[in-house]
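Scroll down for the structure; my scribbles are underneath it.
As written, the chains take the letters A, B, C and D, and residue 1 is the first residue of each chain.
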Amino acid sequence: MSTFVIGLSIAMLLFLLSAGLTLIFGMLGIINFAHGAVYMLGAYVAYQVAATTHNFWLALCVTPLVLAVVGAIIERLVLRPIYDRPHEFQLLATFGLILVLEEAVRMIWGLQLRSIATPPGLSGSVHVFGTDISKYRLFVVVFGAAMVALLFFGIERTRLGLILRASSNNAGMAEMLGVEVGRVRTAIFALGTALAGIGGAIAGPMLPIQLQMGFSVILDCFIVIIIGGLGNIRGAVAGALLIGMTRAYGQQYAAEWIDIATYGVLVVTLLVRPQGLFGIRLRTA
Amino acid sequence: MRQVKHSEVLTVGVLVLLFAAAPFVTGDEGWLYLAALIMTWSIFALGYDISFGLTGLLSFGHAAFFGMGAYAASWAMLSAGLPFSVGIVAAIGAGGLSALVFGFVGRRVSGLYFSLMTLMLAELISIVMTTRLRHLSGGVDGLPGVPRPQAFGIDFFNAANFYWVIFALFCLTLAFCAVLKSSPLGQALRGVRQNAVRSEQVGFNVGALRLTALTLSGCLSGLAGALLASLMMYVSPQLLGWKMSGDVVIMTLLGGSGTPVGPVIGVTLVELLREGLSATTEHWYGLLGVIFILCTIYLPEGVAGLGRKLWRR
Amino acid sequence: MAALGSRSSSVLSCQNVSVRFGAFQAVNNVSIDLAAGQTLALIGPNGAGKTTFINAVSGRVSLAAGRIRLGDADITNVPVHRRAAAGLGRSFQIINIFDQMTVLENLRLAAQSRAFGWQPCWRPVSAWPALERRAREVAAMVGLEAELDLPVTMLSHGKQRAVELGLALIPDPKVLLLDEPLAGIGHSEIEPTMELLQQVRKGRSVLLVEHNMDVVDRIADEIVVMVGGEVLLRDRPSAIWNSAEVRRLYLGSEVAGHA
Amino acid sequence: MRFPAIVGFSLALLFGGVLIPPAKAQAPDKFRIAGVIPLSGAWGIIGENMRRGVTIAIEERGGQVLGKPIEMVWEDTETSSQVAVQKATRALAQGAQTIFDEVSSGSTLAIMKLTGQRKVPLIVTLSADERITGADGNRYTFRTSNTVPMENAMIGEFAKRQSVKKMYGIVADYQVGREMWTALKADLASKGIAVVGEEFAPIGSKDYSIILDKAVKSGADGLALIVVGGDVVTALKQGGEINLPQKMKVMGTMLMDETLGQAIGPAGSLGVSSTLRYHFTQDTPRNKKFVAAYKAKYGELPSQYAGEAYDGMSWWLDTVESTKVWDKEKWVDAFRASVREDSVEGVKRMRSCENQAEQVGLFGTAVAGAEGGPAVTMKVVETFPASALFKPCP
């Protein structure tokens, strides 16, 4: 049972990151290799707020706002000129972005590993189903589920979501209808980075906050969004659950083989259904 | 058009002369080492550009070919005790073979999915080598003591002597790439990049051509891997990691893909920037990032492309 | 005129060809034979399945049912490039050439595919002068002698059409599939292109998709009318123009004026 | 059009600036030391501490040895053995008289081959792999810090003294980790401690909670946690979620110190025991002097990495000074026979049979810090004499 909860908590964290990644890819056509660095920045921002105010909840609220502003700046300065370029240029630019973000964090917070204290009500564990389950993990699962619901509602049921979808499907048409596509793009990117920021804040009490935390998570996120189908949010949920559970149960039964199994599954997915398990068939030629 | 060709030949000539003159100009082994490193990476980038610049296959998994080449050479020389020349041949073979496998597995996917596929395949190989094949790869610790050639009584452990081995192979690679580009095969690959549908329709087996390009590219990557292992006398699974793949894409793009000069300029630029910036500022890492971003935005054809523009003026 | 209905001597024979895209039946049970030296025009309204049929013959889309033979060989499951090598040339409706090359490079590249099994990589392409000779020959045939060293992007639309045609002609194919060779060509260029087509069809079989009925009338030996993915009618041009069915189909279009 | 030209021009300038080789002293008018250590990446923080320790050692002697100024060059290995070897090769090519290296044993083992071949002394103050001064050892490689067998012996002995009956092992899935665990298991068996379970976790695992849960449920009363780098923090932080240190005695090598305690937080740290290479509370005159100098310069207490780096470098430089001649071979001979009476940890003796320093072993447990100081601080609970940890040279 605890394995299941832990698996879910990993999945929720992965979802928060993959959702932003896949949103940005699906609506802007950009593969953001710097998404992991953004998540890392989010964790440091959350650390700073939590360390200054001694309030985790405040950090959880402030971090996405700060990151949204950072995202908007990045979009304006770096991405706007290269929307129409091939993917390799996006790799180059976002790789440069990784270096810049890491340098910024190093200049501000140094190399010291940081940590966010678990919020008072959530420290320790509860005894359910015959095992000890960390209260914070349970919170992460509930919070993550709420974020999934909110995101779906936002994209599929609100006017804002409609505008977002319209602009990504047909930018020219949306423009004719009076939508400022430039602004919408900025908003989408900011939303993606804000989600990564939330991910960073959530990860703070579970994982060491360090410069490398983005690197190690970004590959998992790529796996999630490939399995789910590039640009597909529903797929990202499924992919995150699949990878989260693989990691948790793999840890339980065969820790040494998890990585190989994950990548193996991924390569087979790409071979058999390159559009992802939930993707719409894209023209690959 | 003709003028462009001339400028390229000239640039390549100047580059080769610079590398040839280096040992006479400076006795400083540190600089020779850096030059040898640049030539080794240039071979890698030139190999990469056969796949990317010439054929249009954006691979994010070239580290696998590079690393397998390095390991093949190390195994041949360390475990089997074979001479350096055999090690090099083994590296070229191993690089080509892994590329062939990648190409075969990925024959049905193209575009972005091909990139992601190669990235993940390379990661898989890297993990398998690091954890499962620990006894062969040395695990995270790697294998120290990769030898250098032993021939004609020359001491190749002397940096200056080994420099000439790398220089010779670098020149051969440059020549090969230049000839390849203008050869029928090179033209056919250019055709595949520009218009795969048309290529097929005029009777080219596009799948086989892509596979050929990737394999040739893998061969050169393997060669570069073996040279790096020998130059550093060390090989580790980090050579297979995705950072290596990223590095070669970035160097090729910065220099400008599709020409023999571009990748070499890219490698030289990145290595010298690293060297120069890290000597002058603590924050070289971030500065490098800013330079990458500026280059992406303002130099879409790389430094070589900028040179072409200035030349035409 | 080429023999009508001489099925035995046909160079291209398509039997009961069907193509499906998901639930949509683009081509339904079409059988068309092409005799040696014959020019057959494929007409019909937009969406009739003409281009899909050409794609099926050249191998770009796979068949749901039916067989295709080229000469004596069954090519139903043969990939595009081997069909091309077997003597099936084609041009595309939307100009489809190597757009970062000169005219000469375009044609020479096309000449290469037949010249080698494995493309050599140890000498520059100029070491094989036969390739360039063939390229110049075809360039002369399609009227591009003056533009040989120009990048194709600098050519007029009509000239680009000529390159397109030249690429198809390089291997001297037995069968030529032409998908709207006059699409997008200005009025002044129609006549020379017509002349070119007349010249090109000599000595080979041509399957032509074209909307310009004037051209069809002048070039085609026979016409096949396709509607909704099926063959409606096959006959000599004069008979087609007089067919009531065709008139109904093209009511108000140029065919009506022709009758 | 204009902007690319400007960018290109500035790039060209950079190019040009970089291409001109800076003036380099080839004649031995300087004592060149190259510090090849990670200053970025996962172990950047460790390298930074080592750099500080070395800096104090050099400043302490006025930046001079044998009357020549010391030129200290730092090469960042980016926590990658590949880069480490590359940087070491360059440092050698530039004619360093001494190399000071690495956190990672893998990097040290690779660098040793280069320095041994070029006959350049290599000072190791952290890498613990047995082979460095064992099977792969060479005349020019010296280690002034602990070895893995030494640390293993301490863990085994500590477990016995803490009356651990059943031990569970969580081991990083890499060569050194596995070898260390194999040796430790044998040692534990000989002491009558049962090993009830083991788990190999890939380096860089982001989740240890499940493995820790298994360990708790196994009924073991001791946990040997043999993981490295950031994984220590991940594992113990997630252990804190279920109050792991209160459920079993957690111990390991380099598992806990003030720096790690700060990153992990009290819940996961308090009660965790670990070998210590050095501790600032060591009551020796040299250590008091060192701690004072360190605090004055950096405003904090020296970590074990800083202390060990300081100790190794100052010992080496004093030895070089004592030979009074500019001759690498003489320095090496002197160091092989050297005894450091007043090291920061008391007497250290260089074992001439393997170039390994013989020294006491420290074991500490994390306790709550004093008011106003860090929340977690280490208390040295065991000091093992050198005679218990080393066999005499043959």
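The criterion applied here is as follows: a residue touches a chain if its C-beta (ideal position, glycine included) is under 8 Å from a C-beta of that chain, and two chains touch if they have at least 3 such contacts.
It should be emphasised that the depicted structure is a prediction, and the values quoted were computed from it without experimental measurement.
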What chains touch chain A and also chain B? D
Remotest chain, chain A as reference, centres from CA atoms: C
By Cα-centroid distance to the whole-protein Cα centroid, the innermost chain is B
Separation of mean Cα positions, chain C and chain B [Å, integer]: 43
Whole-Å gap between the CA centroids of chain A and chain C: 51
Per the C-alpha centroid definition, the whole-Å distance linking chain A and chain D comes out as 35
Separation of the C-alpha centres, chain C versus chain D, in whole Å, is 74
Each of the following residues of chain B touches two or more other chains, namely 131, 197, 285, 291, 295
Show the residues in chain D shared as contacts by 2 or more other chains, in ascending order. 40, 173, 202
Can you list the chain C residues in contact with two or more other chains? none
Considering every pair of chains, which are in touch? A-B, A-D, B-C, B-D
Could you pull out which chain B residues touch chain A in their complex? 52, 58, 60, 105, 108-113, 115-117, 119-121, 123-124, 127-128, 131-132, 196-197, 242, 246, 249-250, 253-254, 283, 285-293, 295-297, 300
Could you list, by residue number, the parts of chain D that touch chain A in their complex? 40-42, 44-45, 48, 173, 199-202, 204-207, 209-211, 213-214, 216-217, 230, 233-234, 237-238, 240-243, 259-260, 262-265, 267
Considering only the defined contacts, which chain A positions touch chain B in the complex? 31, 78, 81-82, 85-89, 91-93, 95-104, 106-107, 219, 222-223, 226, 230, 256, 259-260, 263-264, 266-267, 270-271, 274, 284-285
Could you please specify the touching residues of chain D with respect to chain B in the complex? 3-5, 7-8, 11, 14-15, 17-19, 21-22, 24, 26, 40, 76, 80-82, 85-86, 89-90, 92-95, 104-106, 109-110, 112-114, 117, 173-176, 202-203
Touching residues on chain B, where the partner in the complex is chain D: 26, 28-34, 37, 131, 134, 138-142, 144-145, 157, 159, 231-234, 236, 238-239, 269, 272-273, 275-276, 278-279, 285, 291, 294-295, 298-299, 303, 306, 309-310
